[in-house]
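Each chain carries a letter (A, B, C, D and E) given by its place in the written order, and its residues are counted from 1.
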Amino acid sequence: GGSSGDKGGSASASSGTSGSTAAAPAKDGGVVSINLSEPQFLSPGQVNETNGSEVLDALFTGLVKYDQDNKAVLTDLADSIESTDNKTWDIKIKPGWTFHDGTPVTAKSFVDAWNWAAYGPNGALNAYFFGPDAVGIQGYDDLQPAKEGATPKAKEMSGLKVVSDTEFTVTLVKPSNVFKTALGYTAFYPLPQAFFTEGEKKFQEAPIGNGPFKMSGSWVHNQLIKVVRYDQYAGATKPHVAEIDYKMYKAAETAYNDLTAGSLDILTQIPPSDLTRAKSDLGDGYQEDPSSYYAFLGFPTFDPMYQDINVRKAISMSIDRATIGKTVFQGTRVPADDFVAPVIPGYRQGACGELCTYDPAKAKQYWAAAKNKPTSVTLTYNADGGHKEWIDASCNFVKKSLGVGCVGKPAPDFATLLNNLDKAKKTKASFGAFRLGWIMDYPSAQDYLGPLYSSKGSSNYYGYNNPAFDALVNKGTQETSDDAAIKDWQDAGDILAKDAPIAPMFFGASQVGFDTSKVANVRVDPYQKVDKFALTVK
Amino acid sequence: MPSTEPVLEVRDLVKHFPLTQGVLLKRQIGAVRAVDGVSFDLNKGEALGVVGESGCGKSTLAKLLMSLEKPTSGSVKWRGKDIFKLRGREFREMRRSIQMVMQDPYSSLNPRMTVGDIVGEPFEVHKEVAPKGDRRRRVQELLEMVGLNPEHINRYPHQFSGGQRQRIGIARGLAMRPDVIICDEPVSALDVSVQAQVMNLLEDLQKELDLSYVFIAHDLSVVRHISDRVMVMYLGSVVEIGTDEAIYEHPTHPYTQALLSAVPVPDPTKRNSRERILLQGDVPSPANPPSGCRFRTRCWKAQDVCAEVPPPLVDRAAHPHPSACHFAEEKSAEQLAG
Amino acid sequence: MTTSYLASSDDKTAAEDPGAPLLELEDLHVEFRTREGVARAVNGVSYTVEAGKTLAVLGESGSGKSVTAQAIMGILDTPPAFIPKGEVRFKGRNLLRMPERERRTYRGRRIAMVFQDALSALNPVFPVGDQIGEMFRVHEGLSKRAARAKAIDAMDAVRIPAARQRVGDYPHQFSGGMRQRIMIAMAIALNPEVLIADEPTTALDVTVQAQIMDLLGELQRERNMGMILITHDLGVVADVADRIAVMYAGRIVEEASVFDIYSRPAHPYTKGLLESVPRVDEKNQRLRAVEGLPPNLMRIPSGCPFHPRCPYKQEPVCTTERPPLYQIGPGTGAACHFWEDVRAESQAEFAMHKEGGSHAID
Amino acid sequence: MGRYTARRLLQIIPVLFGTTLLIFAMVYALPGDKVQRISGEKKPDPARVLYLRHKYNLDDPLVVQYGKYVGKLASGDFGETRNQRPVTDLLKEEYPVSLKLGLVGILFEAAIGLGVGIIAGLKRNGLFDRTVLITTLVLVSIPSFVICFVLQLLVGVKWRGFFHLPVSGIRDGFPEAFILPGFCVSLLGLAVLSRLTRTTLIENLRSDYVRTAVAKGVPRRRIITVHTLRNTMIPIITQIGADLSSIMGTAVVTETVFNLPGVGQQMAQSVRAADAPVIVGIVTLLVLIYAFLNLVIDLMYAVLDPRIRYD
Amino acid sequence: MTDIDRHAIGSDGSAVVTPGAVQGTTTLGTPGGDVGQGQPVAERHGSLWGDAWRELRRSVTFWISLTMIAVFLVMAVFPGLFTSHNPYALDGSWECDLSNSLRGASGGHPMGYDFQGCDVWSLTAYGARASISVGFIVTILSTIIGGTLGIVAGYYGGWVDGVISRIIDIFFGLPYVLGGLVILTLVQRPGIQGVVLALTVLGWVGIARIARSSVISIRDADFVVAARAVGARTPRILLKHILPNSLAPLIVVSTVGLGAVVASEATFSFLGIGVQPPTTSWGLQISDASSHFIGGEHALLWPSATLTVAVLSFILLGDAVREALDPKLR
């Protein structure tokens, strides 16, 4: 999976982790407030957006986490995760861990949690992760109703076996080297027995996790989630701060005002409109952290006007991404030059080549060379995502570079955009290019290439279909060695650069703001999660 | 002499206004019996004067006769049909045939209409009466007839004096040349000279068109001048009715007698020489009228029977015209005039 | 602005001259400036009201009686009304030059007015009790309750039946006569020194009218109140007035004591007016009226404004020369060039009528 | 009057049916796949599509969907949000916030609008009148987002020491937390209300009863506030009532800027997600509120002007 | 009290009369009697609307506002007359340059540049069409529809009022965004027409309530009763008696509301359902500029000021008309 749209989320822009400024001496205790938007859910089976993830990250500890290079490493809870064939995995956990209600964390806690999430009638948002499109655990299909309202054949996936209190095995439908990496996702957190007895709805209001923090009181919707340090936390590293208050905001601009007014300690993403003054307002409290976000323009294959590769290349090359990134996005976006985000292992700078280079002269040549081309370019976008400005700016570059008309065409929301796309497809009308975005769920190139460009990809809205590409992506997933996998995926990327089904536009970068008089050691990861172990209060 | 063919037959007309209390949700705590069982006939070509104490229900009666208020009960027959049940064409026909001059001149004039439009409105409504090109001239004639300067046709009501406003109302009432005109104090604000002009006009019209009037006024000499018959009301009901001569020369009901005695005489030398019958006691409330004869609380002749039996309006021995008094008798002329 | 008034306006009581007449109008002009032209509604009216006396103002409908009264009260809307000239003196102080703030203290309390059109003059959305009570609340600072109690008394005084039950009723719930009495109750609530009553009893039956006039007379005697009575009812005038001023086209055309006017009017208009009263002996005859139309105030006839309708008219003097108010006797005057003829003639007629005629009711 | 009120209250029943059906039909008519809408930009996987279609009876025709919904509604169940929370909980949390915002906004609007309108009416076409006109117009022309934001920035951040007013969230409680946002929403209706007050005042100042009041020696201030105002109140309270509606409708901006968890912002989100139960719940309650509000206003007509009779 | 009338003839300078202005004898009492000979009869047919028009013709405010409206109308029809740039031209001619983003005024660009580096003045000129036509048409349509329904509801009362008022209640609760989305997608006509339709459908209610309220307060007035007594039928009573006397609040609410209409149009555009490029509107300009107003004040200020002036001209026009319709103010 992965979700697109850049409203809440962002991630990417690798390396150069500036981290927090000078590591202040660790002081124990203290309260920190962090901005948040109202999460949709607070149960692991359902959380797939940044806000919920941030809270669950405090409340839960899973099996895998990502290090500074976005490589998957084991958490304090996991003892070992091993496989010989990438198909059957043996997972051992450490004993002595407890949930916040005192009950022990066992292998069953995982197996039950995963089965619950995968069970169709529960309608969990993250069910997808257990299915064949993601990691693909054996027996997943039996948990899905055959048709609407029917009861599925089984309640438990046959691929999950509890071996002992501290060990269980996972059998996948086909070998996948992404499995271990994917385990860092919220969907794979364990759940206490209370979840199943009380039911999900009640559980969500005050989730009981096994992480370094526990809920203090319950979720005050739209206002506050308060978590306090869990004293029985079994992990080796323990957090410094005693309490985190997640204050919920509807607009980042308001949060920014609160930050400058002293009512908020950490703002994980400064809104672009405030960036110009942020540096002077915040001083040392302004910090740039890597982020992961990938925006691109898709060209529908059914559109006769865009079937000529010269048209697609001309449009892509006519847009000055760097200027737009600097002006429109105030530096929160950088020009994209690959088909996967920079935070992904296997990202190559400039892999996109000519296609992603701003070259108006060349673009014009391509345009001239194109036989079948639109009289006026349209760039469609969903109006609810704040894309208008960069689309309009891009359009102005298309106009300027190619000397052709260009309009940014809003659709009220993404669903309508897709609906219109569908209609255009049926009526064979020209639709033009449209914007898309992507945020990874876990750091793997497969998480981009599979859903976005493979012929059956869940988010391949423009209908790109190249069997050679599909084969390479598949091959990569099944490789036993990481390096081989990455090589396959990079080869697949080269095909994309040649075919130009899309025009990569931007990668994200995130600007964090905090109150230096109150907090130190602020670190935000590519998923916009604050590092709760590093964080200290002054 | 007017015929005896009735144009309006009024039977047992009753109108009660609810008396309420409370601000938002009003409770009814009683009713003002504004008109309480009035019956009479208005004949063709006849002028019926209506006099009575202020607040006794004359204006309410007038509005009922126009079907501008819904009666609590009773009927008003016009050309044999109850006007409260008329619909459509007949209703409009009735509205054309019965016109009214309202008591309060100013509030009955649309502040945003010129006098010309106000007086000409009946022509616009009943287009058949006057051809379009002719209407304006007719309006000017009407204005002149009531003694208003036709040059003022384009003025608005607030630019006129009280008497002028009243004349605008009269002109409007006359425009249609209706069969019946109900005049509610049409000349009260006019100086005697203009009043004389208007009265002459009304009389001429009556003669010419066989008009009938219901003429409500407080000026008894005006009423006498124009009326063929006079009806005296007290507290919502009729206490005496008869020809002008009968009422003015031979009143038999004590209220009528008191009323006549109070008429001021335009002669300063007679200032303190008249003998007025001073009515004693408080005016009873129409919400809570006295039992039996309504006048008994202020009547110098009242006896026990008056509190028990309401006196019927029938011809009395003293003088043969209907009077609602158990002890109807004429007062001698000297007593009246003093 | 007359400096003397200005200088003394600091001290109210000092400014009032106890020797001066209660209310004095001098050469008052009022004009309405409309788009069609200037309507000169009042053209130099002067009269005096003495304490305890009643001045009746008679006159043709539209002759400026109400406008004069409104000018005295200072309630004309400007624009369109302007007072280009004239003085209104209350005990020697010119009200027209008084600052609005001070003038307000005169209104209602010292000079009160009964309006001609009772329904529209009453605020439709307030109970009548409150409207009467407001006088006490504003000028005497009474509580709401006390004011209401006094309002009930005032309504009783003007003989509104069941006053206690009906204080809370609204103007539209009252009959025409009752509204008029409410106006009267309001005007006399504070025992003003001058009462301007603009057709106060037109909607009242004669018995109530008599009672109200008695009430006013009583007040007048008790408080020495001066009254301007604007009315068309010659009967009432005959009963209560001391002096009479007759207006025509914004001017006073005749002024005299009540006895003189009735017995020997000296102005043809006055004479015509008196002859218009309906008489019982002429029931089947046409009423006599002053023939012709009233003048258009935007184009008042030259010379004597009455000349187009005047049976005594003589060219060219009447059409060119405006007759001044010829002084006939002390405080008696008539604005007719031929007042002597008129007077003689009417005296003769009056005598005849005394012998043989009879009034409508006598 | 009692009967009138009863009749009006009875009319609420068909109104509720009408509203729910209308909203249902409108959500139904929204373009795009419903499941896709609920899922945002993420592509829902087939299992979830089945789940959601089943949950919202998406395969049924509109009437059946509506029937099933009303069936549940009859037992007081407003259904669940797309995030599986009971809609009733949501309403309980968010309505008070928006109502408080509306109330404070209306109070500000009424106070300022009436005051300013009266002064402008008294000095018709004077400097004050003109200034007010232009100022309110500028307020109309600049998006409320900007105005609210500037207010927040100035009052909440720059002049914090002076005003001590919270600028976001509702944790400071009523009324502190609502003063700034309330003021901000009030600006929207100010232009109309002050203008309306001014105009109706001018129309009434020339009436005879005002003249009577002057003749009674009533002070000018009392003439305005007591005599004229009550006669001009009917259109004004009507407008204020209508403004409450527009405040609730446009509260999304204010609620977002000042971070108030009210129904305005919820509505915006829910419409985007075609979250029928939430929208129907919010709108139904809103319509109920307006039905009562308008009833009260209509009854106020009769209180303000006794000549008005309902029967 | 001597010599009461102290002034001589003509001292007030006006005692001059048109000869024969008032003739002595009139034929009172004779129905249909002639108008006095030689009498200057007022030829002009005065009526409220005629008088109002005469009044308006003399009103400076009226002419100023009318001129301003005319200028805006011309701008709406021929924006090219006001500027040589069309930032949204579809022929590939290019106007906006991101490097000019939010730059201030300079020669030939009196209002500076907006965030996209487009000339604010030309955008404003080209935005007039959508804003003026939407604002104008919606205001007129919703005033007519809302006014009519409100007046009918207020006058008839009873079940007619019941039905109309309950519909109003429902519309009050209806969210603008949902309504706009549904209407605009159903009619499949984005752009000015669709926006006009949606805003009219959603916008008449406020006006209807105001109209209803003012009708309720005068429907029982004496002069209405008098008109009924004359036999006037309902349409006439509504048009001649009720409407002119209840117009003032309507005019105020609808003219001031014009600004709100233009703003709503912007909301729709912002949501992606309103007018779309290459069409532009002031509202869109304003809402675009509002996200960068810090540092780009001029880009917000100019279109806002233009809108203010446009609304102002309508308000002044409305005010002039309203005053002209009030005979007491003359």
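By definition in this document, a residue touches a chain if its C-beta (ideal position, glycine included) is under 8 Å from a C-beta of that chain, and two chains touch if they have at least 3 such contacts.
Quick caveat: nothing in here was measured; it's all calculated off a predicted structure.
With steps allowed only between chains in touch, the distance from chain D over to chain E comes to 1. Averaging Cα atoms per chain gives one point for each, and the point farthest from that of chain C is the centre of A. Set side by side, the interfaces B-E and B-C show unequal numbers of C-beta pairs in contact, with more at B-C. If you average the CA atoms of chain A and of chain C, the two centres end up 91 Å from each other. For the pair chain A and chain B, the distance between mean C-alpha positions equals 90 Å. Distance between chain A and chain D, defined via averaged C-alpha coordinates, is recorded as 38 Å.
Centre-to-centre spacing of chain B and chain D amounts to 53 Å, using the average Cα coordinate of each chain.
Counting partner chains per residue, chain D shows two or more touched chains at residues 31, 206, 208, 305, 307. Across the assembly, chain E contributes residues 22, 26, 28-29, 36, 181, 185, 222, 326, 328 that each touch 2 or more other chains. In chain B, the positions touching at least two other chains are 104, 106-107, 144, 147, 149, 151-152, 154-155, 159, 197, 200, 203.
Partner chain C is touched in their complex by these residues of chain B: 17, 19, 21, 32, 51-60, 103-107, 144, 147-149, 151-152, 154-155, 159-165, 167, 185, 188-197, 199-200, 203, 218-222, 224-225, 244, 248, 258-260, 262-271, 276, 279, 282-288, 337. Remark: chain A residues 273, 276-277, 320, 323-324, 327-328, 376, 382-384, 388-389, 392-393, 396-397, 399-400, 402-405, 407-413, 416 touch chain E in the complex. Those residues of chain E that touch chain B in the complex are listed here as 22, 26, 28-36, 39-42, 44-48, 51, 221-223, 225-233, 236, 240-241, 244-245, 325-328. The touching residues of chain A, counted against chain D in their complex, run 1-5, 38, 40-41, 48, 120-123, 125, 127-128, 131, 133, 144-145, 147-149, 200-201, 221-224, 247-251, 253-255, 257-258, 260-261, 263, 382, 384-385, 412-416, 418-420, 437, 451, 458-459.
Of all residues in chain B, those touching chain E in their complex are 63, 66, 68, 92, 95-96, 99-100, 102, 104, 107-114, 116-117, 121-122, 124-126, 136-138, 140-141, 144-145, 147, 149-156, 158-159, 169, 172, 176-177, 197, 200-201, 203-205, 208-209.
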